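Labels for the chains are A, B, C, D, E and F, by order of writing; each one numbers its residues from 1.
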Amino acid sequence: MSTVIYPGSFDPCTNGHLDIIRRASKIFEKVIVAVLCNSSKAPLFSAEERVQFIKDAAKDLPNVEITSFSGLLVDFAKKNNAKIVIKGLRAVSDFEYEFQMALTNHNLCRECETIFIPASAEYMFLSSSIVKEIASYDGDLTGLVPPDLVPVLRHRFGFC
Amino acid sequence: MSTVIYPGSFDPCTNGHLDIIRRASKIFEKVIVAVLCNSSKAPLFSAEERVQFIKDAAKDLPNVEITSFSGLLVDFAKKNNAKIVIKGLRAVSDFEYEFQMALTNHNLCRECETIFIPASAEYMFLSSSIVKEIASYDGDLTGLVPPDLVPVLRHRFGFC
Amino acid sequence: MSTVIYPGSFDPCTNGHLDIIRRASKIFEKVIVAVLCNSSKAPLFSAEERVQFIKDAAKDLPNVEITSFSGLLVDFAKKNNAKIVIKGLRAVSDFEYEFQMALTNHNLCRECETIFIPASAEYMFLSSSIVKEIASYDGDLTGLVPPDLVPVLRHRFGFC
Amino acid sequence: MSTVIYPGSFDPCTNGHLDIIRRASKIFEKVIVAVLCNSSKAPLFSAEERVQFIKDAAKDLPNVEITSFSGLLVDFAKKNNAKIVIKGLRAVSDFEYEFQMALTNHNLCRECETIFIPASAEYMFLSSSIVKEIASYDGDLTGLVPPDLVPVLRHRFGFC
Amino acid sequence: MSTVIYPGSFDPCTNGHLDIIRRASKIFEKVIVAVLCNSSKAPLFSAEERVQFIKDAAKDLPNVEITSFSGLLVDFAKKNNAKIVIKGLRAVSDFEYEFQMALTNHNLCRECETIFIPASAEYMFLSSSIVKEIASYDGDLTGLVPPDLVPVLRHRFGFC
Amino acid sequence: MSTVIYPGSFDPCTNGHLDIIRRASKIFEKVIVAVLCNSSKAPLFSAEERVQFIKDAAKDLPNVEITSFSGLLVDFAKKNNAKIVIKGLRAVSDFEYEFQMALTNHNLCRECETIFIPASAEYMFLSSSIVKEIASYDGDLTGLVPPDLVPVLRHRFGFC
């Protein structure tokens, strides 16, 4: 009954994203991770790759489904009979942007609610951008992304 | 199954609090509103009064239970077999304090999760303190608190 | 005598911008809305179009003049014998950027003062970017921009 | 015609407050500085003293009037046929509190508008509390308050 | 040569404070921890107790000296021939207050510099107030304060 | 012994950067200014030019060394036997980004510490971007950059 959508670019997913997915899967009956594929910025990984990375990392969580979407989040939510969107919250800058999106989505669809899950302390300052910057100089990614992603990222940046 | 606790001082409850209660009652199976009665500050209303105000205002919501508690929130949560705490989020200052409390509670009880529900735009800047300040000068409380509370507040501040 | 300048990209103007214009027109004798046409980002609408949209939406306000400018705001202000700049303030991130610009302009021209008008609660999280993102997926723009702009935006994004 | 109210505790006024008064007196036709005398906290100086300090420091500004008030600001504004409230803005924490008050006052009186004047860079972090803390240890107050106030503050804290 | 002062109330010291002390002792030649004893608020522990707690917890750090002071920090700094003040930084609200104090101290003594050391992720949301609140309900203090302080706090709150 | 690294883009250096360099040179034995040359954004000035500008402006500071680097900051720090990174802190948005970088670097190298030096009040809102924007319209750069840089910037933007 209580299905939630966890939307994002996940380019790529970090251990912070997976922590949110894991915790959400204990709170809600079903979690749909929705990989946004119409971002204007050119992503590092294709939507298919990004979906697969999360599928691999979350394969032990039976009530988590991973898919991609394009268009407005509220339209995706309606199609999936889900009214609740979850977002992780890290720093204050997150907060303002996410508030703006939550109110915008609520405006577009009165039944759509967004709720926020605070990042765990150890992931408070982790982001996909930081991961990509470190990877681009072949820095140590241990603990930042799922172990299987480390060689994938090194390869993508030409280090093996 | 998914029982959540909504703790607070609620001295008194505002329409912003009631908006959070109403929206939470649609998302979760059971909402326990927990009126904190061990605040160090002397409250304007007794815990019993504060519980009753919310009971009156939320009487049409069958899955909402209102009670008071003292002591640590995590102990109250354990006693009620609830692991999820909800908090409304308004401005940035809220955000930091609530983050601190969420991490502290998570530290005290690893299973305890806090999730945040953003205030609706019209209640973004409403608080119990503002209500009390306006009431103390017999200002207009329409739209800020449940209608039944208006004469109670006026009386408490000696205006009738 | 008290002429103020309200500068911005207005690409396109939103109901939040028009709310600021309307309120400023009641406070000050003359309001010059100044559409910036030298932004480095490629705008969705030309400066002429952006000026015209505001002219249409504010045509009932006799003390509001709409024009475009390029170059430094302080130079435009001097040319128009105006020393007061007004800016709308929404969230905290606005605040810091606008503070920086206000101090910079004051540095460039000691007589130039910037004053801030807080967004109304219902427009606190509305921006031109959000409008464009919603429009790009043919989402509902009701209440976000002047009614006449809705078909214009739909057309620009290829939906009619 | 354009009369503005500048409310505050001014316990005591600082050079930051006087900077706002001076700048506002150039923008608006009349500035009413309104010293709040119903603050719940015990002030260091009486309302009469606080009014007099500002009168002394602003005596060269003919369009500035200093008075005290108690009760709701919107009631004071109505009595004085003034619809515009000005507030200085320093740091982010100011911003949120002042936003809350601006929206609350607008709610109590639809015609009441609050506009913000950013603190000058050199007064960005000056406050009455800081002044009182420094004065309580007989620290150097030069540049923080009007020169005439320095011996008054020293005397109040028992240093002469 | 590079002596720094780390001022604070430390009522009581937390593991967050000790983390800052430990890290500062590796960066600077001498660290003077300065326990403020003229705070207006009644402390839970006397200045002597607070000094002793830090002495016990930092006894393995030879270049750390713990003492108490009253009055203005800049006067204490001058007396100790130290020009550098260090402060831990946690959340945004810290940041603004500490900035204000840093600029105020720099104003009072041009040679006085304040530098900030960011809290470690695990202590980002830990404070003396939180510790006291948890202790007042006999909550678990493990990991929040030095082990020796746990029974002291329990005793102070009447739990043994 | 206590060598610190001050990394940045410095495109170009501002008087705010030089203020940090000057103050840091009084606190630490050696300051290595490290001009980042692998930024993804196309810089206005080459790394060589940026290094030279700082060399010219800081030539009276014998314990300051200016160099460029690419790659991860922690790798550069290791190569230079430096464990301490300094960063200037201006507004709140700085704060969050810098915190993220500090924690990330600490994660990549446990011995690496970042400490923050608050901007002086007069440079609180100065940045390289603001300088470039003003220069692009031939605005007055006095007091924002070292005097020698003014004609260089004017020339780069085609004004002489």
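Heads up, the rule we're going with is that a residue touches a chain if its C-beta (ideal position, glycine included) is under 8 Å from a C-beta of that chain, and two chains touch if they have at least 3 such contacts.
Values in this document were obtained by computation on a predicted structure and should not be read as measured data.
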{"item": "Duplicate of the E-F contact set - from A-E, B-C or A-B, the pair where over half of the pairs recur", "value": "A-B"}
{"item": "Remotest chain, chain E as reference, centres from CA atoms", "value": "C"}
{"item": "Separation of mean Cα positions, chain D and chain B [Å, integer]", "value": "34"}
{"item": "Approximate Å spacing (C-alpha centroids) for the pair chain B, chain F", "value": "47"}
{"item": "In chain D, residues with contacts to at least two other chains", "value": "92-93, 96, 99, 103, 121, 124-125"}
{"item": "Chain-chain contacts as defined at top", "value": "A-B, A-C, A-E, A-F, B-C, B-D, B-E, C-D, C-F, D-E, D-F, E-F"}
{"item": "In the complex with chain C, residue positions of chain A that touch it", "value": "71-72, 74-75, 92-93, 96, 99-100, 103-104, 107-108"}
{"item": "Touching residues (chain side chain D, partner chain F) in the complex", "value": "92, 121-122, 124-125"}
{"item": "Residues of chain D touching chain E in the complex", "value": "91-93, 124-127, 130, 134, 137, 139-140, 143-144"}
{"item": "Of chain F, residues touching chain E in the complex", "value": "2, 23, 26-29, 84, 86, 89, 92, 95-96, 99, 102-103, 106, 113-118, 120-121"}
